[in-house]
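Here it is: the structure, laid out below.
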Amino acid sequence: MARITHGIGCSHIPVLGYAHDHGKDGDDYFKPAFAGFDWTREWITAPDSRPDVVILVYNDHASAFDMKVIPTFAIGCGESFTPADEGFGPRPVPVVEGHPDLAWHIAQSLVLDEFDTTIINEMEVDHGLTVPLTMMFGDVEKWPVKVIPLAVNVVTYPPPSGNRCWALGEAISRAVSSFPQDLKVQIWGTGGMSHQLQGPRAGLINKEWDNRFLDGLTGEGQDLRHVPHIEYLRETGSEGIEMVMWLIMRGALGKSTRALHRHYHVPVSNTALGHIVLEPVDPTVPPSRTLEGGSPIAQKMIA
Amino acid sequence: MARITHGIGCSHIPVLGYAHDHGKDGDDYFKPAFAGFDWTREWITAPDSRPDVVILVYNDHASAFDMKVIPTFAIGCGESFTPADEGFGPRPVPVVEGHPDLAWHIAQSLVLDEFDTTIINEMEVDHGLTVPLTMMFGDVEKWPVKVIPLAVNVVTYPPPSGNRCWALGEAISRAVSSFPQDLKVQIWGTGGMSHQLQGPRAGLINKEWDNRFLDGLTGEGQDLRHVPHIEYLRETGSEGIEMVMWLIMRGALGKSTRALHRHYHVPVSNTALGHIVLEPVDPTVPPSRTLEGGSPIAQKMIA
Amino acid sequence: MREATDIATYLADLEDIPGTQVFTAQRARQGYHLNQCAMSLMKPENRERFKADERAYIDEWPMSEEQKEALLARDYNRLLNLGGNIYFLAKVFSTDGISVVQGVSTMTGMSVEEYQAMMMAGGRSPVGQRSIRENN
Amino acid sequence: MREATDIATYLADLEDIPGTQVFTAQRARQGYHLNQCAMSLMKPENRERFKADERAYIDEWPMSEEQKEALLARDYNRLLNLGGNIYFLAKVFSTDGISVVQGVSTMTGMSVEEYQAMMMAGGRSPVGQRSIRENN
């Protein structure tokens, strides 16, 4: 059976993609940002921990989705996803290969579990998805994992609540563990940490809050699922709201977790860089309360 | 304050649009189908019952959405929606005017209420939306109501469960009643009733089941929310699944309803035509369990 | 109980209906380009090009040869088997200028007249048509 | 309690943050064509046309004159006020060949150097920047 082995949290700051693509990752400015990924790069390619598939939770930054269609949760079920041209040509990184079998399995399971997911069969992927791949795998000919993109709306208000994100993670865990193939699956939450890219308040950074957030991802606590949007906005800047996506990752890891690795660095461009590698201690998630099959009538119909 | 005054259930059989557009609605074959709407046409334009806005729940039939993007619930927030060309030119009916203020209000409220809605700002609308308008209003220069399209995926499996649809209706009721403007809002559930358009089993009709379904929409009972997809498929044909959309309408009417008018006719083309006009008796819906604002922390943040 | 409630069980049940192909993910994937091709016929200019040279038109789409042959032959049952969805395929009915009833009747083994007579008499009964394994 | 939990209260709170325009429905509607226009600059051929004649390019979009002037002037704070969203407007940064830091700094009343120095020193503190009404 497939199972979620680990979760990773990671900022997806575009300039880190630029620094990597232009050989500047050794520069004084970028070196400490990249150095915090050395541990992860070794760990993630080791035979025991290397994943077969990554469910990569990210947001599109006006690249694949314009204002015509705004899905709250969109799951990429296609065969492959091409890096987007965000205004200065596409990043020179490999095409992202999907895992349609598992992606469709998750998408279908989520709908039965009463998540109103949008299925996407063709889309381009921007720095939100490709920068974390670069941070984890560096310069490669071919990404060493299959990737299921899970795009979350955190641009047009309201984004999904923290509680909804956490619950989605729990549902993803249930879906993965009912997939018959033996697969090691990681789930990554990306974006954040504190940053604001707009207005007179731009440049806001909140190290204390960010580090409390990292603390809150480990152990048994579920306080983070109740942090309201307005707190992210006030405390971590208007773009800090991206951190709700880390809660999908955390929710998928179950009852309790421990951190294997943690990294925090300020500044990278306008943003606080955060990164954490989490392992489930007790991966239990609550059973679905809502699965169609859970109703007595449905049970009777199922032989 | 805005409020949901009535719900309407109505098949959206394309040939009825054709019959109307070509002046064949008086033909022997079509007359009994149309006659059952005489009552409604009079009632719906009377000053007391005429709605300002209709939330029109329907499904797209491979017109606005192709296989690239498949939203489970998509709410039309645009200014207007043009009738689609479904293969023989667009229907000669007025452009559909939206109600972006209320539509965005509902869309935003639904996301906070943990429905993972997709927002659509530009789309064409097919017979699923325009045929019910024709059945209710006949030949008009301009539709006498604003329309908020709510498109539901019932084509690619799985569609949302009956329970999820009913719950969405309840959430829509909460959203409408928090809209400050004084508006009479109707909600229409369309599609069905029993029909199958494919394979050797095409032409299936189940009068008994359809009429039990119509019975189940009135009164206090909530049994219909637990009918599983497989029962629709077995009993009412592969396209009978469209009836889950009527449950969004029913859910929005609250605790109990009564029928003001009811009409059932077989055959129209391949399909059993059903139509019902419902009035809430007790419009109470359960409070949101999930609204972000309902969390204690969020409460503290809200002054 | 909980074990029986996952998507696999749900999907298995959908295959138990006589004479019916439920449009599951598996079919959606198999029929992806077939359905996209059929949908392209919503545009008048595409309908013209299709009518002028059907084979050339469908060769622009990465479909299997089997799908192409079934589409040229208007073999709708076979198209359903190959991942076609009826709402997408209905764009072919329109392009051919036939009604939905005519198109649908071709899948039932009846003539249009027989099919229409069945509908006038109240349609096909669900009795015996509910489940392959229960034969009810 | 329940009365305070609707979308109206939620939205009112979003307006209480100093120097910040949260991208609500109201702004999304006001800035619809502005944002769509900015996003069109993802295509190299559109970037070329825009650079060749900015005014002619933006006249193709049904924006207000105010939005057009602010866009020509690269007045990003004004663009935010008129419904622009930073992720869409960032396509203009790219087209102009400036970095995100440079573009963002123009909204803060600081020079790029001052802004970068602030970031190197750990960024802007949230103290006093959390709430207009609480002034904290």
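Read from first to last, the chains carry the letters A, B, C and D; within each, the first residue is number 1.
Here is the rule we use: a contact is a pair of C-beta atoms (placed from the backbone, for glycine too) under 8 Å apart; a residue touches a chain by one contact, two chains touch by 3 or more.
Per UniProt, the chains are A, B = Protocatechuate 4,5-dioxygenase, beta chain; C, D = Protocatechuate 4,5-dioxygenase alpha subunit.
If you're wondering where the values come from, they're calculated on a predicted model, not measured in any experiment.
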Problem set entry | Between B-C and A-C, the pair with more C-beta contacts | B-C
Problem set entry | Between chain D and chain C, distance of the C-alpha-averaged centres to the nearest whole Å | 48
Problem set entry | Chain centre separation in whole Å, for chain B relative to chain A (CA means) | 35
Exercise. Any idea how many Å lie between the Cα centroids of chain B and chain C?
Worked result: 25
For this session: Scan chain D for residues touching two or more other chains and write them down.
Result: 7, 10-11, 13, 25, 32
Seminar exercise, completed: Each of the following residues of chain A touches two or more other chains, namely 67, 108, 112, 121, 156-158, 229-230, 292-293, 298, 301-302
Problem set entry | Contacting chain pairs - touch in the sense defined above | A-B, A-C, A-D, B-C, B-D
For this session: Please name which positions on chain A make contact with chain C in the complex.
Result: 77, 100, 104-105, 107-109, 112, 121, 175, 178, 180, 287-288, 291-294, 298-299, 301-303
Problem set entry | Interface residues, chain C side, partner chain B - complex | 7, 10-11, 13-14, 17-25, 28, 32, 35-36, 38-39, 41-44, 47, 76-77, 80, 85-88, 90-91, 93-95, 97, 99-101, 104-105, 107-109, 115, 118-120, 122-126, 129-131
Problem set entry | Touching residues (chain side chain A, partner chain D) in the complex | 14-15, 61-63, 66-67, 84-89, 155-158, 194, 196-207, 209, 229-230, 233-236, 238-239, 266-267, 269-270, 272
Exercise. Hey, which residues of chain D end up touching chain B in the complex?
Worked result: 1-2, 4-11, 13, 25, 29, 32, 133
Seminar exercise, completed: Seen from chain B, its contact residues with chain A in the complex are 67-74, 108, 111-112, 114-123, 156-164, 167, 226-231, 290, 292-293, 295-298, 301-302
